[in-house]
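Heads up, the next two complexes both have subunit A, just with different partners, subunit B and then subunit C.
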Partner chain A sequence: MLVEYSSLITLVALTAILAFSFYAVLIAGQLSLAQLGLASLAAFTSSLVVPAEPLFGFIPPLAVGIVFGMCVGIIAAFILGLPVIRLRGVFLAIATLAFGEMVRIFLINQSWTNGAQGMSFPKLVGIEIAWIALAVVAFWFWRLSGSRMGRAFAAIREDELAATTMGIDVPRYRMASFVIAGAVAGLYGVLLAYFSRFADPNEFSFTAAVDGLVTAVVGGVTLFVGPVLGSVFLSVLPELQRVLGVDAGWIRPTISGVLLLVVILFLPGGLSGLIPRRKSAKRLIIDPAARPDLPDLPAPGTELVRLQGLGKSYGGVHAVRSVDLTVAAGEVLGLIGPNGAGKTTLVNMVTALTAPSTGSGTVLGVSLTDSTKAHRLAQAGVARTFQQIKLFNRLSALENVLVGGYRITRDTLLRRLLFLPSARKWEREAVAMASAQLIRVGLGDKAANAAGDLSYGDQRRLEIARALASHPSLLVLDEPAAGMNHVEAGRLAELIRSLAADGIAVLVIEHNVRMMLATCDRIMVLNFGEVIASGIPADIARDPRVLEAYLGSSGSDADADAAAVLAAEDLARVTAQSVRDQDRGHPDAAPGGSTNESGATDLEDNR
Partner chain B sequence: MRRKLLSAAVCGSALLLAITGCSTATGTDSTADGGKTGTGTGADCVIDSTVPIAAAFSLTGAAAQYGAGQKNALELAVDDLNKVGGVTYELTVEDDATDPKQAIQVFDTFVASGASIIIGPTLSNTAKQTDPIAQDAQVPVLGVSNTAAGITEIGDYIFRNSLTEDAVIPQTVKAAVDKLGVKKVVVMYSNDDAFTESGYQAFAAALKDQNVEVADTLTFSKSDTDFRALLNKAKQSDADAIVVSGLIDAAVPLVSQAREIGIDTPIIGGNGFNSPALLAGAGKAAEGVIVGAAWNSASDNEQNVKFIADYTAAYDAAPDQFSAQAYAGMQIIDHAVRSECSAEREAIKTGLGGIKNVPTVLGDVSLNKNRDAVHDALVQIVKDGKFTILN
Partner chain C sequence: MQLFLDGIFLGSIYALFAIGFTLVFGILDRLNLAHAAVFTAGALVGIEIVTRLGVPIWLLIPLVLILGAVLGILIERIAFRPLAGRHDAHFAGLISSIALGAIILSLMQAMYGADTRRFPADAFPQARVEILGATVSLLQVVILVISVSLMIVLTWLVAKSKLGRGMRTIAENPHAAAVLGLNVGRISSTTFALSSALGAVAGVLFTLNVNAASLGIGHAVELKALAVIVVGGMGSLPGALIGGLILGVAEVLAVNYIGSSWRDMVAFGLLFLILILRPQGLFGARKTREV
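Here is the complex of A and B:
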């Protein structure tokens, strides 16, 4: 009964394998069209090595072909990846498309492939082999999806920069996804050739690449069954129309096209979006015993950051000039200054997102140079948040924090493939660690929500939880209180103090000066890229240059607020001081007091 | 939960298999023998049940322009043959969408549905993937447009009535040498197409046989449209003629541009040039193009005249060689069915093996021991805006 559809069912499996090859790159946010080129290279070269008789009497010829084809796919993908892996989006698509064309033209001009007339292959692949191969591939991606590697791919897809600062070596993982895709493409090429008994290089064309991409996208890339669903949908459509008696001709591709459009329009996540997402990654593990044993943080007072004359200039513009700075474990260092003072540039240099132009610096033993990679610094123990929130929006809150735990977790893919108990234990540890951080920032009840759906303040806190999940020695917070109300900001200040008490060094940029004065051990003030003041909060509040800087800024509301807070602090201090002075009969404070008072008056005028 | 999901996926796949399986439960039984063998032979043959004929053509996709004509002509042929009486054919035409994967599924369906014979597919490279399926299932196949080498070698159930490039091109080259005194040529061909590449190989062999000097061999891509650089190079070699193996998409610009830069030697084309589109597209530039053909549209063969008239009346367009070959294919099948007076696959296979000088719109057609077509090819030259026989 199945005879009539045996080819269809086989082709569903083969098309799904091709779609998995696209899936492998899409889950890491890459759009590669090289898959068909890799497949055709594998198919044709395999014909050179596949023996007619079983090798050594027991290795079937097809197994030789599959192994060889996958190796060809891996090697070709790796070589192609070397130059193109740093390309993004449409540029990567074009480069990989060019590769596919190159392979096609190369194979057409080879005599051993019989050129455009194609070559014949023995029929070695049937329905069983195709589905077994698909099952193996699907199994791989299923086990991948919950592993650390799978989370790293998802993080890269959602936000490459944020992924880097979690300690993920983005180019390496992109290459890994490329190579996995190459292996799957090679498998597809060999299986297809030995199923259809004939292959010519023109079959592995751009159109075929687009078909594969469409299959992967229609199926969806958020769940490992996506490619299978896409393949079933697209392969069965023409057959279904045939069975339903739709006349052969233009009407069939039109109906298929319309249905495809409907799926794309109404199911942005593809067909796999119809399947409710797994719940396991949404459940918190609050058992403290499940948490991993983590290495101790540096002893309080240990110097973690030392910058000497660090500067950054863009052309003639000096964003940061010659900054000296040290941060010790267990202290909270605040960085304030008006808009455009260079605060973010400075912390970008500290986290190695920006290379310094001048000066030198050492962060957690890693020196800051042009070639220092952000992920290396992150692995050394630096975690950060961003001024513009950079969460992995389509991942759940818990998953975001799990990615943050990249540094302190171990890769579980190989163990997951074998269902080793250690994989489960390690995954539990990672979830327990992430859960603890979520609860610590007060998001325990929102673990299952997609990060993009959270409120602004929650997103800020989630970013902090994600940074904390890496068990950092140095935590860099870039405007963590932005968008928070007083109550929330107060809770944040408490959190920061408690982190410092745990021994974490916290470097925080914030416009909320009141909170900074209350929270920080030391404060450094930047204006026009220069340090204009540095010291304990009380001194900073008293420093006239700081207020001037804020008043002189062309300024945002935040700057004006900061000035108001500083002025108010000043007024309080001056009043208190003059009272004290009067008590002691000490007249010296008068000039300083009058300057500050006039400052405050200016401020009033300003408003 | 994961495990539940996996089992859901597995159940889903199983369900799909079951559904596809069940939906085909009907119809597959017709492969069983019975009622398909009639009485009498030849013109007297009477078969009670209808004879299922299945055809896979490229109705959509890149080769749709050929498939449409094939479908039309086949439907016309079945209508005409059903009027004769005795044997009633039931035609099913399916679309392979110019995609070998689709074609494989179509062939599977045909094999399972009990078709007595399968006609098609349109393209040779598709045939190389589909015909083994029919061969394995012992269903005869008649190719009506496959001209590449290696099709009938697939097996003893595979036949074709389309002349191969190897059959037509030597005649074309010989005529050019004999009638026009061609001694030195430049050869141009697109090397990324199966059809034109095998055409080139046939040309190269024929030119060698005829001791024609090949001054230069130039290649282009089937998607190219600007040939001026190549043609300038060809012009410098001062050849008596230019030999081109290309598809019609290349033929029109190539011929026009050759005349534009002052090449007025004859241009000898392969089967790709054998299309009314060349005359329409290249206009006066097409004058002097020589092309071999399997079908002479100007033949005064009675069947042919009637075919052209009927086809034009039915479809409001003139038939091309693909249509004529499809029509002739059905005539040959009719002959094979009646000679054994049976719609059994084996009987049709035997009948096709015995096709000798069957009169068709292509002229008298035989199938040789390699199951390839044997009939007169003709060599045409474009003269006064028309294909006329070269003499």
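Here is the complex of A and C:
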């Protein structure tokens, strides 16, 4: 029985290893078809170095081949990655496919490979070695899935831009996944050649690459056992048909095709989607003692952001003109203005998502230039939310916040491979930190829900929790109250005040002017890319230019609401001295006073 | 000159295949990998029709167009529409179209076997003409005329007709198009039908040109077509035409001057270079990312 099927069972393992090579790139959201090209490079070049006798008398020839093949895979994947890593989606798939075909044509035209006649290899791989190799590969990906690196891959797959603002160096991680895939492909190539005793470059063709991809996708990429399931399914299927006596040449591919279609249409997560996921990444850790020791935030009043004449133009359109701005630790700076005033462009420049055209700026000691990377700024302690929510939709709420903690956690992959207790401790710390943020924004009971399934207001809060998990010095909120009702907006305002009290500098864009007047220490008003007013809320509320900007804009309902609020504030000022104005005025005298002046000069400069 | 003309004939077939391929990508943002199976089916069924019924070429082309359109609608209904709205529609569409393509091919195998098939020797005129000192067969001229006129009709259709406006609206934003009252499902089906009709005709013309059809011909051309649409610019119809012609000429020249074993290196080398230097292709527009 076992003897009869031994070659089938070995092939199941080898196919699964190939599928893992695709899996390694798919988990980072990349589609590469170069795997077969890398495998054939590794297989054929290994034949040049594998000795007939054990090396130094004790290193088996196959070990030499495997190590060499994996190195070839790594190096080739790295070199290929240098130019193609910036391509996305279908373009990456086609470029890597072209690479695979070029390798094939190259090898066919070489004399040392015997060209299309193929090359024979000694039989060094049997059922045991194939399955041991598969076990090692699967083990690696199992330990990867719960590590910080695994979470970074998942984040990149879900939303690259959001991942960048968590401090994740996206190109480096994409390259890492490419190189890991290359190593696994190299392993596959060597094992296959020394198992089947014969290899011809044409076996490593586009069709074979598609088969590998199909195996990985049918198995599913949500769980590390996916490639194994896919391989078992697709390898056993033809065999099963043979046993059942289905023999006609065309029936087998038809049945395989139909089953593949059924799996892909009706099992969105692939076969591994049928297995319930582990629960550990869904449970909160509430114990405060488990939280990590965090570095202190800058002392309140420390200047964190200084912009001088910062501007951005697109063609002839000036989205933002010459803005001067400072933000200090522990203060809440509001940015208001009608739609299209340039608010989001300004905060995109502050978070290095957009390079400024003119002027200069320093954020947490990093100067804003064309080459400033957003992830560098995030590493320095800037966190942000987005006007258009950018969550990692398929990850749970808790996993989203865990990714947010990227900056303050350490990579645990190597320690997880060795089951070191410190890995467990660090993972606990990360979960405890994330749990605290989820509870802080009021989402403690929704930790296990997929982010994409949350209500709009909850998604906004989750984004804030994710940003807080990085223990930021500067928090940038882009319209955090959009889509929230009055009660929710009120709670949000309280949260923002409490963050400032912790010493975080908060830069917030919001259309809800009433909330802004009540929450901010200072407010800056933008219109047509220029600062038209800047100062404490009480002054902004009674500034006629601000009211005019809102009334004059033929903009949205939000603008009209803002105008109504400002008009009401104006009325309130005439009829009675608002108590709130006085309350606000005093505590902010120190930072507010000095910036008030700079705000005034802004206005003079701009005229 | 002879080489150049041969390249143009070959290239016009690549272009016809690629234009159907890129139409679906440009409008629906899906890569339909069953296109190669449609190409093969067009070739094999075309041979069957001619062998059994002895129809002339001018009648064969409309018949194959209809066959392709029907296959296209089936592909859209079976492999793509059920995936609508799924987050992994991209990957899943690739795989489901591969699966459906395999099914189509296996059915072809069931009907016609796995052997190479040819058109009957006397099915089409064998006349040859001299143009600019090069000898071309009447058949090659017919191939060129058919493929160029089909491409012109298609380009006109997409640029000017109401259907074309609907297609371009969906390409911009399918959701908004649905809100505006466009029947997204029907326009998607029509797009697939047009695309596959061209693919099936390309299969017939390709087979006429080399006079041999087997189950595997689709795959080889599919790879070339990927190169063509990337070189021309993903989703660009004129790009696919020019890209196809460039590739055809380049291949013929490569076979002549470098050797046939390196022939495919040209397509992929060109493809790789374009992707690195100008990922949007010669005629494609770069899509910018939104924050």
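Please note the rule applied: the second predicted complex is superposed on the first by the 575 of 607 C-alpha atoms of A that agree within 3 Å, B and C clash if a C-alpha of one lies under 4 Å from a C-alpha of the other, contacts with A are read in each partner's own complex, and residues count from 1 in each chain.
Here, a residue touches a chain if its C-beta (ideal position, glycine included) is under 8 Å from a C-beta of that chain, and two chains touch if they have at least 3 such contacts.
Being a predicted model, the structure only gives us computed values, none of them experimental.
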Contacts of A:250 with subunit B and subunit C, given as first, second, both or neither: both
Contacts of A:210 with subunit B and subunit C, given as first, second, both or neither: second
Which of subunit B and subunit C A:53 touches, first, second, both or neither: neither
Partner chain(s) touched by A:8 [first = subunit B, second = subunit C, both, neither]: first
Contacts of A:296 with subunit B and subunit C, given as first, second, both or neither: neither
Partner chain in contact with A:105 - subunit B first, subunit C second, else both or neither: both
Subunit B versus subunit C as contact partner of A:370, first or second or both or neither: neither
Common interface residues of subunit A - those touching subunit B in one complex and subunit C in the other: 105, 108-109, 248-250, 252-253
Subunit A partner contacts - residues on subunit C that touch it in the complex: 25, 31, 33, 78-79, 82-83, 86-88, 90-92, 94-96, 98-100, 102-103, 105-107, 109-110, 114, 219, 223, 226-227, 230, 234, 261-262, 264-265, 268-269, 271-272, 275-276, 279, 289-291
Residues on subunit A engaged by subunit C in the complex (per definition of touch): 26, 31, 83-84, 87, 89-91, 94-95, 97-99, 101-102, 105-106, 108-109, 161, 206-207, 210, 213-214, 217-218, 248-254, 256-258, 260-261, 264-265, 268, 344, 348, 353-354, 386, 388, 393-394
For the subunit B and subunit A complex, residues of the former touching the latter: 1-2, 5-6, 8-9, 13, 16-17, 20-25, 28, 59-60, 93-95, 97, 100-102, 104-105, 107-109, 111-113, 125, 128-129, 132-133, 148-150, 191-194, 196-198
Residues on subunit A engaged by subunit B in the complex (per definition of touch): 1-9, 11, 15, 104-105, 108-109, 115-118, 120, 123, 142, 146, 196-198, 200-203, 225, 228, 232, 236, 238-239, 242-243, 248-250, 252-253, 275, 278-280
